[in-house]
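Provided herewith is a single structure, encoded as structure tokens, for subsequent inquiry.
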Amino acid sequence: MAEGFLKNAWYVAGWASELDTGMVARKVAGVPVVIARGLDGEAFALHDRCPHRFAPLSRGTVTKDGIQCGYHGLTFNAAGQCSANVLGGPTPSACRVAPYPLVIQDRVLWVWLGNPAKADQASIPRFPCFDNPAYRFVYGTIRAKANYQMLMDNLLDLTHAAFLHPSFGGLAYRPKISMTQEGETVFSHYIVSDIDNPEFPEVFWSAHGKRVDLWDDIRWNSPANLYLESGVVLTGRPREEGYIIPAVHALTPATRDETTYFWASALPADTPLKDEDFKNMMSTAFEVEDLPMIEAAWERMEGHDLWDLSPVMLRADAAAVIARRILSAKVKEEETAPGSAAS
Amino acid sequence: MAEGFLKNAWYVAGWASELDTGMVARKVAGVPVVIARGLDGEAFALHDRCPHRFAPLSRGTVTKDGIQCGYHGLTFNAAGQCSANVLGGPTPSACRVAPYPLVIQDRVLWVWLGNPAKADQASIPRFPCFDNPAYRFVYGTIRAKANYQMLMDNLLDLTHAAFLHPSFGGLAYRPKISMTQEGETVFSHYIVSDIDNPEFPEVFWSAHGKRVDLWDDIRWNSPANLYLESGVVLTGRPREEGYIIPAVHALTPATRDETTYFWASALPADTPLKDEDFKNMMSTAFEVEDLPMIEAAWERMEGHDLWDLSPVMLRADAAAVIARRILSAKVKEEETAPGSAAS
Amino acid sequence: MAEGFLKNAWYVAGWASELDTGMVARKVAGVPVVIARGLDGEAFALHDRCPHRFAPLSRGTVTKDGIQCGYHGLTFNAAGQCSANVLGGPTPSACRVAPYPLVIQDRVLWVWLGNPAKADQASIPRFPCFDNPAYRFVYGTIRAKANYQMLMDNLLDLTHAAFLHPSFGGLAYRPKISMTQEGETVFSHYIVSDIDNPEFPEVFWSAHGKRVDLWDDIRWNSPANLYLESGVVLTGRPREEGYIIPAVHALTPATRDETTYFWASALPADTPLKDEDFKNMMSTAFEVEDLPMIEAAWERMEGHDLWDLSPVMLRADAAAVIARRILSAKVKEEETAPGSAAS
């Protein structure tokens, strides 16, 4: 019943900035991955398990030859090949670990677990917001005890804001909802007209007591990488006069029951609001408001697949349902492919 | 090997007083149940899982329409039918959760998980002690990491008091034991004659240094609801001259390995002993003295059924053995019934 | 795939000194064992589970009749036979627990879980170092979340000292390695010539700034009981002029995933170094330096058997590979023996 993970896919394994302070060790779709920046400045990703005594390479050290295992010193280069044995002795060609295609783009570490020949950088969804000097960004990395698709559902159906996020409008958040699809990209659109500016946009874009229109545009790409734009403008005025806050939400399954939830949210570069205060505000929304509900729902599902439990679906679920179907079809295609392309 | 839970049975899901401060969420025989008091004053019990996104309804709010889910606002009435969709849209008849028959009686929340047509309130065991103005009561709710039948065995064989409960007599507690059975109700009787009044009865019924007779009468009803009367009287005098302390012990399986242990114990209404001190005394007996031993025994059983381990049985086990047999026969009958009445 | 435990084997269940303060309760190769010293002074080992209600006997009391269960008072003698029922009633011959052959030798509690007829004390590996008045000993008992064979591998391949143990030489520890085998006993030998005396030997045997030669001789006996001698001498001088530190490392599987790691290490009887400081030094090496790496490797193996993961083996692994093969062959022999001698 339980569906596997997509292998031929770009997963977010971390923030690029994490490499500044050392190696990054993350479980991605069940696979332990280590990402290191070599002394030559080039970053690379390997299976995070020495083939000798199975110690995590991420407990080792970066040397000129690659990642040196911290247990007995075998060293592996960016291609995963054993490149040195500090204690002497041969480094046979059979001594190697799987390398994973790695791309650093839009401040994100992207890894590919499947067939390297299919790893097309052009297929990585873009987050151009990071290049916009009008914004500063705050980042969060959350460990969620829930299947990643539960978090994806949550982001594709913002109606939950009415109940979980008072600062985003609370019960006044009664959006008109629509969705669109372009190839395998799913978009979800929310429009709320003529309401008091909620606490959240007001902190960096004051409506000075006037009524506003709000909109949210959410873009989903498989496996579960989302980009959101939340806008606010005085009621009836064109969107160009308003303000847009972009956000990135990448949901990387660690295991079936645990997800690493990477989020980044923008604030105006010139706002007096401190990064720290803005981050607290966003963290509260995601960690204190969303997460306990999503984890409790996942617990109630007792390991079952969503569809096996015959959920009642509402109109606001349309985008999440389509996204789940696309993902599910891709997994099935991969699992049934002749000669199974995936590792 | 592992036997299922009785479905057509009244389980204690909580104390009636718990509803004064909000909804009650409990796992009963593997089923998550929410009990709420509606704005009309009527209490009701539902499956604690929204059929939309599977959030626990107990994380929501009671409104005029029933329990409103705290995730996306679907609301369910006492019959389990979706009665409102706060965000608009239809409330299809397929949108419902299982309602469970609920009876509030003798200060207890009783729920029935099986076939509602068989839920006969008259079959609920009574605790008339709660109506006796001569008593005050203290209550406890304990989470035990042991199968509920282990706790049932413990209460039906009080000889363990000799080793675990010094304040109940310790090694001087050498009872004459007998048992009786009336239909599916099992009684266990303990008599200890001519001993120094133990610390426990002495705190509220002083024997002024004289010797006493003690007795305990325990009544068991399936699945695992027990009523105890512990008496003390001067040695050789008729029981009417003595004092009786009634107690309720209801053992509700959460899962096979965890039990919610509800207990209530009486103290004389006019004793200067404070409720708090009496509760501490009883809690020590159940949580500090009994529980670690029972949980350690359950751990040693490594998930096996009692009978699979061929236990050596002693005379004092007779009542517990009969109770287990009655329970086991009822479970088997239910599981093999044509068209299985349960659930 | 997962191999069982050797039954016909002497396991270390504890230190003899532990009996001074009460019973010893340990899980040995999956079996809960209680070891007690009777009032007659004789120690004995039993299955740590009362056959009545399955309470651990180790929660009870030692009486003149044996171990009295702390739940309902059944008492078991050194032969495992129920010898008393404190509350009265028969003690049928069927009321018994398995006794295990127990030998106290070289400060260690040795138990045998298999066929008692095969329990030959002469086959217990000896640790005569404990009788040498030139030494004092410090002891440790560590709970490791790793299979016991992982810890055995670690001790048979000391090259990890180069990476994990700076005080043992760190990267200067580049030993010449050899191994020998005598029957089912495996020896691993390490020699490092002409280096600065590392911090560890220096604390009790100062080289006064001169260069030294180091050697380590490790002896392994199945299932996983090891004896180490670490020596130091001025470079080029005969070993007799140097100093030898003996150590005992016994690795007792609790379960497949947990090991009780007993270690004892000698220091010169007349050194001003305090036992406490020496113990801290050794504990740091085993618990802070070794253990996290071994546990992380075991976690990476995700429950798989070592050989199923096709490890790359290096020359330094030779002794560990031979030891694993001997152990594996003995387990297989036992499991396929006609009428399976074990338990």
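So that you can tell them apart, the chains are marked A, B and C in the order they are listed, and the count of residues begins at 1 in each.
We take it that contacts are C-beta pairs under 8 Å (C-beta built on N, C-alpha and C of every residue); 3 or more make two chains touch, one makes a residue touch a chain.
Treat the numbers as computed from the prediction; the structure is a model and nothing was measured.
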(request) Identify the chains adjacent to both chain B and chain C in the sense defined at the top. (result) A
(message) Regarding the chain A and chain B pair, does the interface count as same (over half of residue numbers shared) or different (under half shared)?
(response) different
(request) With chain centres taken as the means of their Cα atoms, state the distance from chain A to chain B in Å. (result) 46
(message) For chain C, give me the residues that contact two or more of the other chains.
(response) none
(request) Spell out the residues on chain C that touch chain B in their complex, using ranges where they run on. (result) 32, 48-56, 59, 69-74, 82, 85-89, 92, 94-95
(message) Please output the residues of chain A touching chain B within their complex, sorted ascending.
(response) 153, 157, 159-160, 162-164, 171, 174, 292-293, 296-298, 300-301, 309-316
